[in-house]
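What follows is a single structure, and I will ask about it in a moment.
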Amino acid sequence: MFFWIIRRDLLLAMRRRADVLTTLFFFIIVVSLFPLGVGPEMNMLRTMAPGVVWVAALLAAMLSLGRMFASDHLDGTLEQMLLSPQSLPLLVLGKALAHWLVTGVPLVLMAPVLGIQYDLPVDALLVLTISLLLGTPVLSLIGAIGAALTLGLRGGGVLVSLLVLPLYIPVLIFGAGAVEASAAGLGAGAHMSLLGAFLLASLVLAPWTTAISLRISME
Amino acid sequence: MAINWFKYSSPASFYFLAGKMIPLFSIAAIVLCAVGLYIGFFVAPTDFQQGEAYRIIFIHVPAAWMSMFLYVVMAMWSGIGLAFNTRLSSMIATAIAPTGAMFTFLALWTGALWGKPMWGTWWVWDARLTSELILLFLYIGFMSLQAAIDDPRRADKAGAMIALVGVVNIPIIYFSVKWWNTLHQGASVSLTQSPKMATTMLTGMLIMSLACWMYAIAVVLIRTRAIILERERHTAWVGELQGATP
Amino acid sequence: MLQGCNLECVRGDRRLFRDVNFSLEAGGLMQVQGPNGSGKTSLLRMLCGLAAPAHGEILWNGAEIRSLGGDYYAVMTYLGHLGGVKDDLTAIENLRISSALGGIEIDENKAHEALQHMGLGGRELLPAKVLSQGQRRRVTLARLLVCGTVLWILDEPLTALDTAAVKLVQGLMERHLEHGGMIVMTTHQEIEITAIATQRLQLA
């Protein structure tokens, strides 16, 4: 069933490729705007790069959260999911994973290219990509809670950012921090382990919390 | 003496009990505040390092304590409301949020006022100030979510979920911010080098904290009463109340 | 056996209904009737476990449905007025996925047969967005052919259907009731379904 949901969401994303590309282009544009705002001084850009890429990834992930449950809510599929004999947290996990595959993975793949714009050295690019790989699933998982709570509300899109962005802060700090730490010669190991720990914790807790939130919102 | 606590968990009896308690807590808040401010401004000695400016801690520190404490209390009532489906607990949680946000804002504002003479800048990205700012965001998130939902039952439960998620995350956020802060040590000034505290200062601060506490209880009770009236406006007892006091 | 005891529904400030009692045995059909806004959909949502009643309890074979959770969902099929049909998926994909969600995985052939039975032969591979309202409804109703559950809770199943399709659904329900199934439904259309025990629940 878990795989059914992932397959279905990927199939839907394939049929609506434009939505996926919008998120990706949003990410690219935001990252490319910063040098225009702060000036092309390469040393400064190099120190800013991890933070900029990470903040842009946060915003891009958040922007696409609305789609996670909204269309299923509108056409009644969400009711079917809540009434499924299958475990709801597992279904939610499937949906979050599909969301990550559709929005997170393209960001991870695009990040090294954008890093080159900021003249990051190769090892920093590598650390940046790995930190995004570990961090972006957390964004989808935590974001699912916010998306579930704001289901069907007026102005839900803005509201979800108020709820979810503060919760993203630890991921931002350690994701961007990993790159800086490795650049400072401290090694990114500790940061990566913490990101991994966040990932594990949110894998366990977030689907369950999202499931309860969905039931609350659909009542 | 056996007290039937469950009696007070019904909104109607709580309404009347709260009505009797509000004056007590209000008076306690005013008296304690007067005593605390007197100690703070006239009894406590001038700090030899920071001069008179340090006196703002008599408001800043209690406000910061209350801001964190109230979030935990709010999450606790939310959790009870969610677990046992008790409407009153959820109403109390809703009533706490604005007061908590107010204290958070006060702590940030007085922190900025204190920062200017101390470090010559209104804002430093210190771990505590940053965490306090994030706490303000969490309060705002809770309040905006509840405000956006029309159905009070859903608002209570959804608010409870976000409060609980927040309370689980606060330690993680605080720890992350602290780590981030130590990594960027050179750039910021640490607040941790607190001056040696004289006993009078400590007394003043504790009394002010108590005053804030009493104030918070009084205000939350008043707000809870208002919420009860709003939600129960169609019940017989509220109708009688209106008849009694036209 | 499905039982409702002293059910009460409150929406916002308004109480839609109270003291609703019923009990539905194997082979029984219950038609919920009432004007718009009388709480028919709310009652059905309670019966399937999406919403909690403000008062009272709903029992399935003597156990509260909320405590049964997945065990109850496995014997119950709910079709709401939103059909759960995805615009971007074909009829066959829609049917396969929704019945998989209901706990029954069916292969392409079985889905094909069910759709053909519902009169959608030749349209199985069209995306649902090009189907008409009535055809989409048929895709939704095709689930009843493959779900294999005992209790059907149907909210306005006949909207947008033509007379041929109404006959088809009628036959489907009668066969279900003959085999000891149970149906709770709302409808504004007059429909005669023969059943061992038919009851009407009138909401004010």
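Order of writing sets the chain letters: A, B and C. Residues in each chain are counted from 1.
We take it that contacts are C-beta pairs under 8 Å (C-beta built on N, C-alpha and C of every residue); 3 or more make two chains touch, one makes a residue touch a chain.
Values in this document were obtained by computation on a predicted structure and should not be read as measured data.
Looking at B-C and A-C, the interface holding more C-beta pairs in contact is that of A-C. Chain A has the C-alpha centroid lying closest to the overall centroid of all protein C-alpha atoms shown. Of all chains, B has its CA centroid at the greatest distance from the CA centroid of subunit C. In whole angstrom, the spacing between the mean C-alpha positions of subunit A and subunit B is 32.
Put simply, the C-alpha centre of subunit B and that of subunit C have 49 angstrom between them.
Separation between the centroids of subunit A and subunit C, computed from CA atoms only, is 37 Å.
In subunit A, the positions touching at least two other chains are 219. Across the assembly, subunit B contributes no residue that touches 2 or more other chains. Touching subunit B in their complex are the following residues of subunit C: 12-13. Remark: subunit C residues 48-52, 70-71, 73-74, 76, 78, 80-89, 93, 97-98, 100-103, 105, 127 touch subunit A in the complex. Listing the residues of subunit A that touch subunit B in their complex gives 145, 149-150, 153-156, 159, 162-163, 165-167, 169-170, 173-174, 177, 180-181, 198, 205, 209, 212-213, 216-217, 219.
Looking at the complex, you find that subunit B touches subunit A at residues 134, 137-138, 140-141, 144-145, 148-149, 153-154, 157-158, 161-162, 165-166, 168-169, 172-173, 175-177, 179-180, 183.
On the subunit A side of its complex with subunit C, the touching residues are 1, 4, 8, 11-12, 15-16, 71, 74-77, 79-87, 218-219.
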